[in-house]
Amino acid sequence: MKLAIMINEGVYQHQSTDSAYQFVKAAIEKGHEVPRIFFYHDGVYNASSLTDPPKDDRNIVMRWAKLAHEHNIDMVVCVAAALRRGIKDENLAEGFRISGLGQLVEAGIQADRLVVFGD
Amino acid sequence: MGEEMTESTGGIDFEDEDASGVIKKFMFVNRKAPYGTIYALESLEVVLISAAFDQDVSLIFMDDGVYQIVKGQHTKAIDVKNFSPTYRALEGYDIEKLYVEKESLDQRGLTEDDLLVDVQVMSSAEIAKIMAEQDVVISF
Amino acid sequence: MLHIVNKSPFENRTLDSCLRVAINEPGAALLLIEDAVYAASKSGTFESAMKDALGKVKVYALWPDIEARGMQDRVIEGIKMVDYGGFVDLVAEHSNCQSWL
Amino acid sequence: MLHIVNKSPFENRTLDSCLRVAINEPGAALLLIEDAVYAASKSGTFESAMKDALGKVKVYALWPDIEARGMQDRVIEGIKMVDYGGFVDLVAEHSNCQSWL
Amino acid sequence: MGEEMTESTGGIDFEDEDASGVIKKFMFVNRKAPYGTIYALESLEVVLISAAFDQDVSLIFMDDGVYQIVKGQHTKAIDVKNFSPTYRALEGYDIEKLYVEKESLDQRGLTEDDLLVDVQVMSSAEIAKIMAEQDVVISF
Amino acid sequence: MKLAIMINEGVYQHQSTDSAYQFVKAAIEKGHEVPRIFFYHDGVYNASSLTDPPKDDRNIVMRWAKLAHEHNIDMVVCVAAALRRGIKDENLAEGFRISGLGQLVEAGIQADRLVVFGD
């Protein structure tokens, strides 16, 4: 089954992005496909290349990049939400791309389910 | 669409398909008050885009979300844009299914007359029925 | 002390918790800002709790937030309106303050 | 449909709203994740509301979140535990889902 | 300290003063559950720093904040650090005023035995009295 | 009177930073001094130089920088919170500086009041 994901909160402040990561990992392990993750609202902060958490903590940004690379996940950051919050090409981490809200609607149309994680 | 799709190559599989014929039921559940957080405003942006994709779009206002469409909002003193007039413009995008939960209005002492758009007032039970029929439900 | 609340009482129980503590303190004042100003509005299910509170603490609401949300004509009697300058005065007049986040 | 809630019922009224709607729908399922797993715990003021809900909707709770919060020995009977894989299964089994944010 | 200070130059006025003698009452009000949000964890960091400044520090756990100090937390499966042992270490920083609101415990069906640190259980009325005596109150 | 400020949420997503701005402006107009604003938790995003909101919207980051410049406000971003969230010297807006949590405690000690804005 195709499961598209929407993430609405940033890194570390809320558990939602952690829950989303564990969900996506489990979905792939079960043989589902996760064609796209769409980052909206503060979710765009998941794509900041400057994120530098303590060594003994999980690195949320790099964890996404690795998972996306291994499983061909299209990670899309909403351009309008990103500009408002200071995410641009200059600080966009590898594995993410910036695009429009149409990519979210398209994911909703194409996937079998859209699962939302937020606050 | 579905499991029968061939393996995709790096997130561009959506683009390969012709989505033009697919019409899904999208429901946006607005549960947050305006201005305290940005969810209501950024939700409207998704609603407008989904209309541009010719989807079957409906909006529910429940809980504090009913405050989004209350008349008489004046935001000058907080220096934030008053986006409530946008709800009046939804009709122009063929978004005409606006539902409001009666219980949410009652809890807040509001009536249909207090709202700046025409809506259909429904019970929680009626809303449950419509929600269950949707393909995509996004709650803000 | 000055208690500051910014959450809608219909969504979140913070105002209940704040009042549970504040009503015990002589001289306590409560300032409603942002989405908490909905607690100042008449005819809803929170009205009776707010009226009870009014007998025990001074209650203020931030007028710019009331206006933004279209609640101008709905304010419960006895709640005093302040602008941002009045907010500053309340902070200065009370010996300490707490934002119930 | 699958209803997903992630807020503590002691802090936030989202679960009340979700249940108000969900109990009307035959075949509705509720999954408690993150701070909402506190709603699955015994002996608190929310227990009776949860037991009422159990008669009308299937209720699941995410075990990793239960464990993280030390609620392992407090779970109300009748609530089913799932891990992340079980979460995925619930999404796949129901024709649609909603995260009540 | 106060209005009599001469005009400052760009945010360095604090550094000019000798704060070493000032001891204020700092109270940290912990009202949020752990893990769902980062507030509890980042609050602990402020608590530890304020102890290093030799201030008169107290902590209140109320509402979902009482869950921060519940026994038996195991966070391996959510891949987030279990910071609950840190509360046990507070004593080593001379932070010994830990208060818990009785009403919050009762609502959640918890007792003192469920908590991993020694605390003083107080009524809302008692807490109101202590709060009113503080200089700085930060709620997380 | 000296009023110190603490801000716990980012730009645009929550009203708290707007409320804080209006409060600080009013305090200065009333003749009070605002010696320091401390940005903690997601509040560190107030300091992102890459923030680029729509033209017809307020620019929260630049608005802070201007106010701070005009009234000698020390705007401090918590280093630990900032690293976790991708705010570093590379994308630190003018008028802000990165420092430790001690600056918050110090503000609490030195100021007559500490007023917190957050979610």
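A, B, C, D, E and F are the chain letters, set down in written order, and residue numbers restart from 1 in every chain.
In the analysis below, a residue touches a chain if its C-beta (ideal position, glycine included) is under 8 Å from a C-beta of that chain, and two chains touch if they have at least 3 such contacts.
Everything numeric here is computed off the predicted structure, so don't read it as measured data.
S.K.: Can you name the chains that touch chain C as well as chain E?
M.R.: Of all the chains present, those in contact with both chain C and chain E are D, F.
S.K.: Identify the chain pair with more contacting C-beta pairs: E-F or B-F.
M.R.: Answer to which pair has more contacts is E-F.
S.K.: Would you identify the chain whose Cα-based centre sits farthest away from the centre of chain C?
M.R.: Using the mean of the C-alpha atoms as each chain's centre, the farthest one from chain C is A.
S.K.: Select the chain at the greatest separation from chain D, using centres from the mean of Cα atoms.
M.R.: Looking at centroid distances, F is the chain farthest away.
S.K.: Once you find the CA centre of chain D and the CA centre of chain E, what distance in Å lies between them?
M.R.: So the centre of chain D lies 30 Å away from the centre of chain E.
S.K.: Counting in whole Å, what is the centre-to-centre distance of chain B and chain D, each centre being its mean C-alpha position?
M.R.: A distance of 24 Å separates the two centres.
S.K.: Provide the C-alpha centroid distance between chain A and chain C, rounded to the nearest whole angstrom.
M.R.: For chain A versus chain C, the centre distance works out to 38 Å.
S.K.: At least two partner chains per residue is the criterion; list those residues in chain F.
M.R.: Where chain F meets two or more other chains at a single residue, that happens at 1, 8, 12-13, 15, 19, 22, 41, 57, 80, 112, 116, 119.
S.K.: Taking each residue of chain E in turn, which ones touch at least two of the other chains?
M.R.: Answer for chain E, listing residues that touch two or more other chains: 35-39, 63, 78, 80, 135-136, 138-139.
S.K.: Of all the residues in chain C, which ones touch at least 2 other chains?
M.R.: In chain C, the residues touching two or more other chains are 6, 10-11, 13-14, 34-35, 64, 83, 96-99, 101.
S.K.: Output every touching chain pair, sorted by label.
M.R.: A-B, A-D, A-E, A-F, B-C, B-D, B-F, C-D, C-E, C-F, D-E, E-F
S.K.: Which bits of chain F are touching chain C when the two form their complex?
M.R.: Residues 1, 3, 8, 15-16, 19, 22-23, 25-27, 29-30, 32, 112-113, 115-119.
S.K.: Okay, in this complex, where on chain B does chain A touch?
M.R.: 1-3, 5, 8-14, 17, 19, 22, 24, 26, 38-39, 42, 45-46, 49-50, 52-53, 55, 135-136, 138-139
S.K.: Show me the residue ranges of chain C that touch chain F in the complex, using the header's touch definition.
M.R.: 4, 6, 33-35, 64, 83-85, 87-89, 91-92, 96-99, 101
S.K.: Given the complex with chain E, which residues does chain D contribute to the contact?
M.R.: Spelled out, the residues of chain D in touch with chain E are 6-8, 10-11, 34-35, 38, 41-45, 47, 63-65, 67-74, 83.
S.K.: Would you mind writing out the residues of chain E in touch with chain A in their complex?
M.R.: Its residues touching chain A are 35-38, 78-81.
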